[in-house]
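First chain written, first letter: the chains are A, B and C, and each begins at residue 1.
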């Protein structure tokens, strides 16, 4: 009887190769403006945190649609661009400094063997070659250890319905680790675009009025496993 | 009662005046090609143009457009529109009226995006011309238009204002 | 400059962590075939392998996948030994690499090994039979460099499965002398791994391995300054013989049979 019970339990547990049940991957966004003042030329910091996924590693994000408050825009006093190809081959040093819009960092995780390998990468945001006159953005991710490699996220400006205004659609390519192991996933990303009080450097222009409830931000994400998630938040109106 | 000698002096004076006018008009005609504005009375007129252009090429932040102008001078029109910042643009405009000659101007404008379109609004200076428009000049002309990204970046441009010729 | 042309005998040592129930895992270590090959009388193996990047004379990754099948459609006999030989000219540059020990792996696990001792990864699906039913379980493999022994390279393979049974194995592999036309050789002996009373010893249905990487780098302090050191690791041969890179692998099974597979990886196009 005991052997039969054990057998039944084993058969119930293991009819197929076991795979941990995966929580869906979700994301949160935390925006902040500095200075936090209406009409100001400011720096916008956006932090995205991904969670869930199989065995604690979020699914890799492939597409992000970020929506910003109506009236918020980016001011670029002098237009210089840097191509995606140049960023991939030469890194940040291959681009004119005037094309740089901001920077930040990200934490990547990838499963290999029994381990989760982590890597911190440096982010640099650049103005890309425009699609006709439509602004394009590129974010270079430069990792050094354990893998010395680059990845470039590309973005284009989009228009959103109220209460949002302009947005950015970002495409994240697959971040390979080693053959036959899963691609790496971004777990957290923090990027600051613009410079405080800047009139001669790129800056985020804060709207001159703030809607009741605060400045709305939203984002939708599409992951490599085909799943989606959406999130939204507000930044309280400047006092 | 004028004496015959007095009349003779008046006639002589008239001939001198006529001679002076003849000399001055001859001199004026001789210098006209080099300095028309100083040698001839400038005429002020109104230039109103509408151009419908399509994209022929682009490079970085510059759109090169070509199309047809209607209005005061009908003919071919070329515009080179360059974004200089996220909110400013500059342009070179050339019109080739069907009757011959050309009109060239330079503009600066504010630039603003609205979803899939963008608009620009500023002022244009006519700096040179050729043929029948060799003397055309103007500053502060209105220069505005729309870029339709949904229509392969086609541009509609309006120019209006006073020019001298 | 230290280059290791692998050429020594293999020894394997198996360490078990507790647990009542074991599921069999087998580790296939080796760079293998572009085509499926000769089978023994009862087992067949379909092997695929490649270099990434696929270029001559550069730091590279060697990855391989294997699918085992039994001629009678049942579970393949457990693997007891694997040997493989890589193309002549492939070499290993270990400047900047660290090492780990079997004791650390057994006591603590992969987190005890320095990051620059990582040599590769792998995994697969193990299986066994119980009361006529086939039970499958995924397993993972972590490969680390071990201290050299008598000048010969040694690798540690940490094999782990977690569900439905938890198992940890540490196998130690050493160099093998490779006959022509091969260069590097590895061999690992794999002990039989009992599962549960009344069930078959564990076997392997599929496995993969990925060795080396062209862009591995670690920070080291050199002359008081922190500098990024790149590990060259596995380096592909500088020349490719006509027809492609030759690979050979031999598998011994618990039923006494042997399967030898030969294949060629096509030469790089450029």
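Keep in mind that, in the parts below, a residue touches a chain if its C-beta (ideal position, glycine included) is under 8 Å from a C-beta of that chain, and two chains touch if they have at least 3 such contacts.
Because the structure is a prediction, the values reported are computed rather than measured.
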Starting at chain B, find the fewest moves between touching chains needed to arrive at chain C.
2
Result of counting contacting C-beta pairs for A-C and A-B, higher pair:
A-C
For chain B paired with chain C, centre-to-centre distance based on mean C-alpha positions, whole Å:
80
If you average the CA atoms of chain A and of chain B, how far apart do the two points sit, in angstrom?
51
If you average the CA atoms of chain A and of chain C, how far apart do the two points sit, in angstrom?
36
Residue numbers in chain C touching two or more further chains are none
Touch list for chain C against partner chain A, complex
21, 50, 52, 61, 63, 65, 109-111, 115, 118, 120-123, 125, 130-131, 133, 135-138, 140-143, 158, 160, 162-164, 196-198, 208-210, 213, 215-219, 228, 230
In their shared complex, chain C is touched by residues of chain A numbered 3, 6-7, 10-11, 13-20, 112-115, 144-149, 178-181
Interface residues, chain A side, partner chain B - complex
73-79, 81, 129-130, 132-135, 157, 159, 166
Complex interface listing, chain B residues touching chain A
55, 58, 60-61, 63, 81, 83-87, 113, 115-116, 118, 147, 149, 153
